[in-house]
Amino acid sequence: MSIVTVQLGQCGNQIGFEVFDALFRDSHCSQGLCSKRENEAYQASCKERFFREEENGVPVARAVLVDMEPKVINQTLSKAGQSGRWKYGQHSCFCQKQGSGNNWAYGYSVHGPKHEESIMNLIQKEVEKCDSLSGFFIIMSMAGGTGSGLGAFITQKLQDQYSSSLKMNQIIWPYGTGEVIVQNYNSILTLSHLYRSSDALLIHENDAVHKICAKRMNIKQISFRDLNQVLAHQLGSVFQPTYSEDVSFHYRRDPLGDLMEHLVPHPEFKMLGVRNIPQMSENSLAYSTFTWPGLLKHLRQMLISGAKMEEGIDWQVRPPFSGLPPLGKMSVHKDLHFNTSIANLVILRGKDVQTADVEGFKDPALYTSWLEPVHAFSMWKTQRAFDKYEKSAALVSNSQLLVKPLDMIVGKAWNMFASKAYIHQYTKFGMEEEDFLDSFTLLEQVVASYGSLGP
Amino acid sequence: MLGAKADYLLPMDCTRRLVAEVQGALDSCAERQRQLERSLRVSRRLLQVWEPARTLAPEPETKEEAATSACTPNAQDLKELELLTQALEKAVRVRKVVSKAGQRDRTPSLTSASNAVTSGATAPARSQAPSQLGSHASGARSTKAVQGATVPDQSADPERRLRSRGDRTQMKTGAQAPGLGDQQTAPAAVPRATEFTLKEKGTLLQLPVAFRKAASLNSRLWAQLSSIQASDSAGITRATKTEFLHKLQAASGLPSHRPSAAEVGAQAQSLRKACSLLRLHMQKELSTAPTDWMQEYRCLLVLEGLQTIVGHCLHRVQVLQASMTEQLPGLCPVEKPTQSSSHCGGETDSAWSPQLLLYSSTKELQTLATLKLRVAMLDQQIHLEKVLMAELFPLINTQEAGGPPRLALCRAAYSLLCEGGEHFLTVLRDDPID
Amino acid sequence: MTQSVVVQVGQCGNQVGCCFWDLALREHAAVNQKGIYDDAISSFFRNVDTRVAGDGVSISKGRISSLKARAVLIDMEEGVVNGILQGPLRDVFDNKQLITDISGSGNNWAVGHKVFGSLYREQILEKLRKSAEHCDCLQSFFIIHSMGGGTGSGLGTFLLKMLEDEFPEVYRFVTAVYPSSEDDVITSPYNSVLAMKELSEHADCVLPVDNQSLFDIISKIDLVVNSGKLGTTVKPKSLVTSNMGAVTKRHKKPFDAMNNIVANLLLSLTSSARFEGSLNMDLNEISMNLVPFPQLHYLVSSLTPLYTLADVHIPPRRLDQMFSDAFSKDHQLIQADPRHSLYLACALIVRGDVQISDLRRNIERLKPALQFVSWNQEGWKTSLCSVPPVGHPHSLLALANNTCVKPTFVELRERFLRLYKKKAHLHHYLQVDGMEEGAFAEAVSSLSVLIQEYNELDATKSMPVQDVPRLSVAM
Amino acid sequence: MGRRRRRVEGAARALPEAIAALSRSLPAGPSPEIFRRAKFDRPEAAPALWQLLFRVLTPLAANNAVTDLAPEAQARMVKSALVSQGYPRSALFQSLEGGSQGSRELLLALSWLLARGPLLEQLLAQTRVQLGDELPQCEGETLASPGPPAHRMETERPTDLRLVEWLMGKLRFRWRRLISSQQEQCALLSKIHLYTRGCHSQQRLGHLSVAETEMLRDPESSRQILQALESENNRLEAALEWRRCELVFWQWMDTVLDACSSDSPAVTSQPTVLPVISERGLGELELVKQELRALQEELREVAEPRRAAWEAQVGGLGRGPDWSTTRKALQEAVERELATLQSPWEPSSNPAQPQRPLRLVRSKDESPGPQGLKAAEVIGTLRAQEASLKKVLHQLQSQCRQELARLAGALPGLIWIMAPGH
């Protein structure tokens, strides 16, 4: 089944390019460390999901590019064109002349309704080119105006028009500081709207990715391209083909559906985080060997201690003994040491994958009291190696990983809202203070719900 | 208090019922999905290039590697190894059949495939369709006029037979070492002979004679069966059967009939259907404003008629309920005449033979299928909603006032009952705590 | 891609504008080697086929034929504008973009605002409309004028209101040159305060610069260059060198150097909107991020590096120095000290070979020394434009919405009140048709309200930062 | 009478033929000799009859590995199926454990099933070789069916309602994925139909179905289908044969029944077996009753004022002969309309009969084409049905909302903020 990607705004378009490039590069890489046949099947499966064939034989990304100003889209198109291996569709771009100016309301209430028809038409054309549509990836940042505001608007329209297709928003969580001043407002408006119209929010934190670039990839001067490549790697590690369960040794048809059914059925818990292991620069990779027990041990500790990468993991954190009352009252404002999960998905790729033992992730103590590991844990695998790593593992987790960042954002936005700062910029475009309050209310509930998972 | 645990545990019997209901729905959905996946696989395969070797390509090797690369084979690996062996055996078998079929009489399915051969020197012999194929085959030939037009019929050509045998042996070796063998033999021995796509040449296909015969006999037999059943129903046999049933019933010591679980279920089902149809009819009736007094009167009659029917239905429910607890002169179901006559279309139509459902476009078919599913889903959702209402309201109402567990229950109940589980509710404290 | 129209009013406005066009042309010439008319150039220039008579036909693609500035030049004296038309820039303007008079405003805000305002209203409007029609998507007006004179402050603020009415969707950025305390125009306090009211009410963003600061910066550069301490000379074509080319000439024409700084401010401000970068900043993002309350839209700017010497390979320490300098008192384009005042918001507009990690490192480094208002502790807006200024590897423009702008306003008010108490020169204003004495009171009270707002913000400086109680969810 | 006698006389030869026909038409039918032995309650007949009853009563299970079940388990399943269908003879339930006893009882049970309805036809229809493409049979029954007990769920301990929310969420995703898959299937079907246009030997079908195309693609499957079709034809022929001569069987069964009661006259001492009616069935019935009551109430509310208004209006009208004929015609028309409305659920319609299969045929709009249901019409009906179900659901939800709002009012100091949009 196919996935149609909608890239929105500067961030969405830059990342979208890297994602398609990473997917394509990986699936056409000769050293998948598996048989030719399997490699071909892997390639075909990746292609069905993300690319379509055009007459002259160059695969075309199943993507629609949307931005309110032309610069980034032009840049993205030409980069894809230069690669020569794949490209974007000729008529799959929509851009305007003037951006949303970091104003969520402008993206949502002005650009959205004004360009709804054109954008939805583009999307529909892309959908019609799929034999079967699983759903949508909507790549956007939540700090700016176009990605966040227009992204929320388009997601809502997709929900209205393609109610049975799945919608996953790939959200770029802004740096804690220093990108956009009104990012906290834009973020709470985006998140609260997506909570109503999207099925899952796969969240990438810029701060975390930045740290990975610095600490794991050993990049001295980190550019956005570096960040985006790490991010593309993370997405690829989740959505490249894996074997399906019911028909062994066939590749999974609908990863998006499988993932959502496992991870986000509950309406209050839709935020997903991704963790990867190993992640390192090519130089270090040459001197490294990996074992499945080692990788999985680290990944598990990353999960329970809430670490964002395999460096600086707190090995003191242990799952609580079930049955014992927690020590003192836990609160999200205090440090949550143990990260309680609702559901996790582990994806293993590479050599000897059948020997990997994931029992460590099936410990009931890892999960909230009302969900058993049978419901809460699932695993995908493939023998095919991914992106130059002989063995690699990814974890998609619906857990408390994101409560703290969310709580921070809500808190900061609330402080600003209490002083009424910047509100006039939003009311100018038809928003009301009531809309902000709705968003705060919803997100406070999400924070509280995640907070009450345990331990 | 943020982060406070707010678990509310349901009573055991409630848990059991709710979980069983939802799980049941999940299972039936999963089963349906599996069925669909199966038929999807078949359909997809049909739309790809018709190349028998391809269809089971990726499996064998994968398994081989899986098995060999494992350091210590566990139970899982052994099972996989066994599967691998089976798959390999199957591959060999299928290839034999395929090559035989290709050699033996060129079943129509492969005839058109053979038409696709374009390689210059050896092509003419193959491009010739066997003579028994008739108009379709000759049509095919004309499309391939480039190499086929002037070549005489060579279906008895010894050279051709010889080559076919050659094909077979090559394919056999291929089957023993699937990965390598195919690559080696594919270009040489089976040059694109199997490159057949439904899209390009589907209209050349023709059903085998044997099958056509069997199929038409089959539909005749079904038709006869239904007609005989209809005519028999009033006859003497029917009386004898009824008598037999009564006698059996009497001999069992149960003088009257009690409804069985299956019957109650069926009755409930049909009454539910009745109720929804009646409601539908009522809404239809109310949605059109009468323009004159005749229509007004008609509308009134319909509404009153519906009232009467609902009354009957209610009566039936009561009788059923009563008969489950006490003895009542029963309804003894005997074989009934089927309703074949009521919706009989053509002469070949009968209760048991398939009715045609005509569609004109993909879109229409999709709409139809989606609607069908939606209706089924709504049915299921309504059912679950009622179950949830029945289970949750008593709990909510008996909870002691206030208290966190109750709030947790109310919130979850609100989401499930009022929002179809899609949205949730926030409960804020009126006085901000400091 | 969007376009901007520059409206330069009065002597000062036209002089600054003239520098701006010169630098803009040179910047695009340096970036666009192929001579193809592109989106970046189109933001400030039209490409016109001059062979066609009349207006000339705009060419949207292909080779550059003849570039015309998207500008309207207004002065009520002829001198400066005529000078421009006879100078090297004559080809980028034509008569249809000019409005001049011969009488001048006599350093009287009322004459500029009331007399010339009503007299030239239709004419100005027509030229503005014409220039807007030439735009594919007009996003901003850049209005350049001084505060102290008559034409710039009077007519400049008059047309601000006009723009607001006629083009409500188009942003209005005002570069206003504030008079120094020892300004030779006696009525400049009146003119400035009267103009301030208009700026507060009708501008989206005001970038105040003052002559004294510009002069100080120039002096410092001279000192460095002449002392030869750093061993080399200022590169020709660098940021501060004038369009006249030679460094030595600056002594004779100090205003050229000063005007060039202001012109550079505008170039940097719009760089991210014109050129590619990994973190774009469109012009409409500036007010969105930097203006938390409608009237508090005065942004203090600083440009670094000012003393960049002929070393292309700048070690990282130098890069960090650039960030540090942007927050120092002597790099501000008005006399203000942001480091010791309260930040409401701050934008860093970086050009050249700088990556996001450099930006982040420097923000982390500088943040502890700066004080931000409690509800905007992380009030940073950043942009990365990959095209550096001509002749330099990188540059930084910092825009601060900071209470440090207040002293300028306070001083202005004091000077105004000193005159106003004596009713000095008042009659020059009151004899102008439509000018009433109430206007003075209104203007000064508007300024007082503004100052009061800054005072209130400053008052929170000493308070500990506290979180506001949040909505409380019952579980 | 004479005719009947003649038949009875010929029974000596006709009976084995009838039984043979029955046997051939049943899946894995035993030899006629087994029937004969069963009449005399011979033990050797029992296993074959258990097996047969098992196959007959659990037709779906028969395809799977369930046939490998131990005899005891099979017997248990047979018994419970018979109980749920209301089989009256307790002798079957009491003593027999799937061993060799009671072959006569088993014969009686089989006959009971045969006498009740078109069992053979049902069995044949269930295992019918599917040649055409069908839309999934997804009447409410299929999806809403209770399904097997949730054995996978551990329900030993009380759960949080959030688990139910979680499972419901899963269900919603499955619904949506089902729709997506269904859409894909439709697209593929439509393609196959289009590409094979004009290939079917039957004019009215025009194109091939998936099964037929697959048959052409894969010789192995061709062989299998042909085989299955032939064996089905054989069974159909046998069933026809049975239908022609079953009378003699029933007459013979009378004697079996007689033999049975003479062997064990002490019927009265047997405890009666009450058909077990599940709680679920009762609950279901109760729900239906409530629904019907609500509908009745609604109808009353709309009909009564109309009747009153009508009476008032008509009071002045003359009641001439014209009026009475018109009225009569109207009444009859409405009666007819309502009668057709009722037919789908009338008690007389046989619920045991499976829905008639539908074969999907792609046809061009313009051509008159073969006779059959038009998709557009079915879509119309389904839309109406969907709308009405939606309405019902919304009514239920708003009822719940009111109920919960009442509760919310009873909790002071709290503000309930509903999801936006309500």
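Per-chain residue numbering starts at 1, and chain names A, B, C and D are given in the order in which the chains are listed.
Convention: a contact is a pair of C-beta atoms (placed from the backbone, for glycine too) under 8 Å apart; a residue touches a chain by one contact, two chains touch by 3 or more.
Because the structure is predicted, anything quoted here is derived from the model rather than measured.
Novice: With chain centres set to the mean of the C-alpha atoms, which chain is at the far end from subunit A?
Specialist: D
Novice: Relative to the centroid of every protein C-alpha atom displayed, which chain's own C-alpha centroid is closest?
Specialist: Measuring from the global C-alpha mean, the nearest chain centre belongs to A.
Novice: Which chains touch each other through the most C-beta pairs?
Specialist: B-D
Novice: Round to the nearest whole Å and give the separation of the Cα centres of subunit A and subunit C.
Specialist: Here the centre of subunit C sits 41 Å away from the centre of subunit A.
Novice: Provide the C-alpha centroid distance between subunit B and subunit C, rounded to the nearest whole angstrom.
Specialist: 71
Novice: With chain centres defined as C-alpha means, what is the inter-centre distance between subunit A and subunit B in Å?
Specialist: A distance of 35 Å separates the two centres.
Novice: Using mean CA coordinates as chain centres, what's the subunit C-subunit D distance in Å?
Specialist: Going by mean C-alpha positions, subunit C sits 81 Å from subunit D.
Novice: Which residue numbers or ranges of subunit C touch two or more of the other chains?
Specialist: 470-475
Novice: Could you tell me which residues belong to subunit A and also touch two or more other chains?
Specialist: Subunit A, residues with two or more chain partners: 164, 196, 267, 369-370, 441, 444-445, 447-448, 452.
Novice: Send over the residues of subunit B in touch with two or more other chains.
Specialist: Within subunit B, residues 1-2, 4, 6-7, 37, 370, 407-408, 415, 419, 421-429 contact more than one other chain.
Novice: What's the contact topology between the chains, one of line, ring, star, complete, other?
Specialist: Drawn as a graph, the chains match no named shape, so other.
Novice: Which two-chain combinations touch?
Specialist: A-B, A-C, A-D, B-C, B-D
Novice: Inside the complex, what are the residues of subunit D that reach subunit A?
Specialist: 152, 154, 159-160, 162-163, 165-170, 172-177, 179-181, 183-184, 187-188, 417, 419-420
Novice: Per the contact definition, I'd like the list of subunit A residues that touch subunit C in the complex.
Specialist: On the subunit A side, the touching residues are 10, 14, 69-72, 75, 96-103, 145, 175-182, 210, 213-214, 219-225, 227, 410-412, 414-416, 418-422, 424-425, 440-441, 444-445, 447-448, 452.
Novice: Which of the residues in subunit A come into contact with subunit B in the complex?
Specialist: Where subunit A meets subunit B, its residues are 34-38, 40-41, 164, 196, 246-250, 253, 267-268, 329-333, 351-352, 354-355, 369-370, 383, 441-442, 444-445, 447-448, 451-452, 454.
Novice: Which of the residues in subunit C come into contact with subunit A in the complex?
Specialist: 1-2, 39, 136-137, 139, 276, 278-280, 282-285, 287-294, 345, 355-360, 363, 367, 374-382, 384, 467-468, 470-473, 475
Novice: Please name which positions on subunit A make contact with subunit D in the complex.
Specialist: Subunit A reaches subunit D through residues 1, 131-135, 163-166, 196, 199, 254, 257, 260-261, 264-267, 369-372, 374-375, 438, 441.
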